[in-house]
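Chain lettering (A, B, C and D) follows the sequence in which the chains are written, and residue indices restart at 1 in each chain.
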Amino acid sequence: MKTFAILTSGGDAPGMNAAIRAAARTGFRNNVRMLGAMHGFRGLVEDDFIELDRRSISNIIQTGGSILRSSRCDEFETVEGRAKALENCRRRGVDGLILIGGDGTMKGALAFETEGSPPSVGLPGTIDNDIEGTEYTIGFDTAVNTALRAIDQIRDTAEAMERMFFIETMGRRSGAIALTAGIAGGGNVVIVPEIKTDIPKVAKTLLDDREAGATSLLVIVSEGDSAGGAYEIAAKVKELTGLDAHVTILGHIQRGGSPTAQDRIIASVLGVTAVEDLLAGRHGHLLGWKCHAVTRIPYAEARTSTSSLPVEILQHADMLIT
Amino acid sequence: MKTFAILTSGGDAPGMNAAIRAAARTGFRNNVRMLGAMHGFRGLVEDDFIELDRRSISNIIQTGGSILRSSRCDEFETVEGRAKALENCRRRGVDGLILIGGDGTMKGALAFETEGSPPSVGLPGTIDNDIEGTEYTIGFDTAVNTALRAIDQIRDTAEAMERMFFIETMGRRSGAIALTAGIAGGGNVVIVPEIKTDIPKVAKTLLDDREAGATSLLVIVSEGDSAGGAYEIAAKVKELTGLDAHVTILGHIQRGGSPTAQDRIIASVLGVTAVEDLLAGRHGHLLGWKCHAVTRIPYAEARTSTSSLPVEILQHADMLIT
Amino acid sequence: MKTFAILTSGGDAPGMNAAIRAAARTGFRNNVRMLGAMHGFRGLVEDDFIELDRRSISNIIQTGGSILRSSRCDEFETVEGRAKALENCRRRGVDGLILIGGDGTMKGALAFETEGSPPSVGLPGTIDNDIEGTEYTIGFDTAVNTALRAIDQIRDTAEAMERMFFIETMGRRSGAIALTAGIAGGGNVVIVPEIKTDIPKVAKTLLDDREAGATSLLVIVSEGDSAGGAYEIAAKVKELTGLDAHVTILGHIQRGGSPTAQDRIIASVLGVTAVEDLLAGRHGHLLGWKCHAVTRIPYAEARTSTSSLPVEILQHADMLIT
Amino acid sequence: MKTFAILTSGGDAPGMNAAIRAAARTGFRNNVRMLGAMHGFRGLVEDDFIELDRRSISNIIQTGGSILRSSRCDEFETVEGRAKALENCRRRGVDGLILIGGDGTMKGALAFETEGSPPSVGLPGTIDNDIEGTEYTIGFDTAVNTALRAIDQIRDTAEAMERMFFIETMGRRSGAIALTAGIAGGGNVVIVPEIKTDIPKVAKTLLDDREAGATSLLVIVSEGDSAGGAYEIAAKVKELTGLDAHVTILGHIQRGGSPTAQDRIIASVLGVTAVEDLLAGRHGHLLGWKCHAVTRIPYAEARTSTSSLPVEILQHADMLIT
């Protein structure tokens, strides 16, 4: 009987539990013993595992967070830490690893494989949607819809009070959440790290929109923009336009919540595939989603996307965001 | 100055307003006069148009339904009806048409073009996601998430009372909503029209799951299944299993509600593209969405999909639905 | 050290878990051992108890359903069944009982106390809001808001298609959900069991509203109306008005879902009070909520309310529902 | 034929549109001409009115914000400003005023009546629930539920990452939102302006909870707390506990969104009553809600509540918040 271990690493993302559930169910069907390593790589280093059974994965598909907890683990970034992890995997008889996380997690997976880890398969678990080779990462759709609901709510009061708002979404290096939620939320301007921000142009657009009759003005700002956070940009725009500016930082609400259908479905399909790959001897790659199909990306290529913004959406953004 | 008219036809779908807004904004930017024909093709036949301006499309991106209303129009299915529509388009100086609807709408569009209608472009507006050549139709993602929330709620009471539920989704010829919401909702069985239903096997699966410890049992049934609606299937399964069966028909809640991010974004991109196509002299096709990009499907090929179920999801469904 | 047992009986209601959590926390603070009897009174009869600890009640305040499961128990309605339950309570050393449920549960509590049960306190757990002496029952606010969201969604499509809908809510003997969700949902007519339904008048109101310009027509029907369910009423109204009629039965979605703030808060306050009452030797009553304060209703008076409709709301309903 | 004017003033609150709709419908039924003054008192001062009809109030019951816009108006706080407003009311033939807003609005109403304004009735429209004499203000229930959903989402990630969060709600002088959402959200500590904050005690509680096994730690902080905003409190607690602290400011999402059932219902009942009162010659008061009934509070007594915290909830808070 084989033994596989699964873990969630880095920032948690809605849909991780759906992936864990799908992988575990597929393992059980194939007579594989399924372990969970707690707190990401820390569980490997510190030998903190739980045994998964039908009961532990029941009623979790609809929940945010991760039943296996998550964390960033400095020790695993050292050779010594990974050696401890390897030792623990061997002692536990782990024949395969399923690693759910972002690009940092895939970097760790690559280093670990090079040093002789059990065969492993990665799943893209990050709300930022910023990994090369996959159109989609687990948690992104939920985060965007959470940001969107917040924008819808802020528009209500912005309309009633005829106000200008700067709304900061998550996404330190990637503008995907800001762009997507900003277009869907009918924002007047979207500011993302991938594109250099021209503050005077932003100010002009907002004044033009106000002149054209816009009651409320909404600027969606990605966390990581080079022009500074939402507060700084708001201050500059206020100075240039003379309009009062309000700021809202959406923050960690974007990480939680019950996952959307898309996050549950794709997480589930990838979770099943991860176990199937390990059983078939395929490993050393991240599983992605492209053109409605599973795709495999070698760990070395699963880098942070330099631009995660969907080209088609960018091309039309100009018409959609004034 | 050119004049384009836009209409929504057939069953309404969340995201239609986002498409109308995006098309109108793109028209205004390009100095096109934008009209709305009310109630689908009926507006063409009965000469019922409104003038769109910035104000009429403001604050609609987040709303369900259609500001242009929708309906099915028997008269437009006759040669005489379409002749009247053509006459009205000419008198109004309509240079281009944007038609949002399902496969029936595209059939109408094809007939109308053959008979000399103004150039037209179609947009896939139907919650059923059942059109050949596009991975996605406007409204599908919202409908799935609405069905999913309902399944989540029913599971709460099913768990507490240890009950078996049959939940019927929309989708007369297409099992896409049932399959997607059913997998995402952690259903025990999903019943779709594309696959012949084997009631004794369904009964066995449910008994096995109960034996394996499942507290609640959820069967997701697509409206159009050949085995009969949810009530009939529930009755048969009850007889075979001896388990009490409860039935819920989700019904029209699946048509309404504020559209999800995906429905707003893709509807918006398609809306922009429709106007750009008309301006560039491209017409006679439905705009679809495939591999994160716009695709063009000639009207004649925009048939109902014989199987709209995503292959990758189907392949893994077996592991996901017990 | 004292031992209290808690159970949930009858139809489950969102907020039951918040009540369980609050009671258990108050017990732990006061050095009381807290047991949970599974499946309502069945747990007493069949000696099916679990031990509650901090872990078993963590992260449940936000969940629908009941971690103690619920059911109706025929055996407990017999003298023999209650004798078994009493025997089990004694053997387990149960010094106090907390019973969460509707009027049926309170009837059981009264019978049980008469026959020498441990001191007990009841909590009103039913979505129907139909118990004499309390303005509020746990689960009602969540059920109303769920019905309301459904009505809002149906209105989207009813407006777009210019349709008439009959929407059936739960409430077999009580029109509270239908009336409240119906007014809040801007329904054109609300039909409740407490008021005799005059079908021709309903038809006239709908025709008048349509004439006055109403695009959509929504009739909210309580499950238990004497005029028949939504289907029958719709058929009659269709005949009288000549308007097409669509029907949606909201069903069990109204039982589940994450409880609203009000359901969690009042459930929590009542849960704390139940333990305090038992510790102080107060028992034999249902805890209710009236004028922003806890109220105590002797079991014998905790009957089904003959009219649970709030007087003030009824008085103004005429202006609110055309 | 009489003429009444209605306005919304101060910060907007979900449910204001339901009140406008109910008042207007009641006016139409009683053959009253209904005007809307735009932007609160500014509409009176600047003679900015619209005529309300069935169409302008259709499909607004479910919307946040205010169709009449809102603002704070400095000019109306001067004798000269109010004289202009009076002049405009006379010229327009306004026989009665309905004023929806917070305590500032009621102060304005009192001054205006003293100087000869048309008879007026106030409605409590503020999310803060901080007006003497009424248990309830329009918008409070929606704001609390919005804050609660955000807390639920943050708990997901706080649990997964085992983190401590400080979540700041609205409520500059009133802790009602923080206390209610904090208890309902299962917060570990709630910090409100009505109660002096003892930071070392807060730190001790959090360490005790962590020791007792709490995975996540949530502190709900009311905007106006004397101990400083959430950032300052978090910094101090971090220093005392050695635990990492994350901060989220919920901000303006709490003002918007579709109103809950309770906000729509009570707003509607008060809207009807306002018109009935004016027709019956009753005026000079704020309409409140107490013990499930309408209550009338003379403007002079409609002060900010020094403590808006519900006594019963406060008394039990100790058990509910560790």
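Please note the rule applied: a residue touches a chain if its C-beta (ideal position, glycine included) is under 8 Å from a C-beta of that chain, and two chains touch if they have at least 3 such contacts.
Every value quoted in this text rests on a predicted model; they were computed, and no experiment measured them.
**Q** Using C-alpha centres only, name the chain that sits farthest from chain A.
**A** In terms of C-alpha centroids, the chain at the greatest distance from chain A is C.
**Q** How many Å are there between the centre of chain A and the centre of chain D, using C-alpha atoms for each centre?
**A** The separation of the two C-alpha centroids amounts to 35 Å.
**Q** So what's the Cα centroid distance for chain A and chain B, whole Å?
**A** 28
**Q** Going by the touch rule set out above, which residues of chain B reach two or more other chains?
**A** Residues 152, 155, 159, 215 of chain B touch two or more partner chains.
**Q** All pairs of touching chains?
**A** Here the touching pairs of chains are A-B, A-D, B-C, C-D.
**Q** If we count contacts the way the header does, which residues on chain B are in touch with chain A in the complex?
**A** Answer in residue numbers: 18, 21-22, 25-26, 29, 54-55, 58-59, 61-62, 135, 141, 144-145, 148, 152, 155, 159, 180-181, 183-186, 212-215, 258, 260-262, 264-265, 268-269, 272-273, 290-294, 310-313, 316, 319-320, 322.
**Q** Could you pull out which chain C residues touch chain B in their complex?
**A** 8, 11-12, 14, 16, 39, 63-66, 69-71, 146, 149-150, 152-162, 165, 215, 246-253, 255-257
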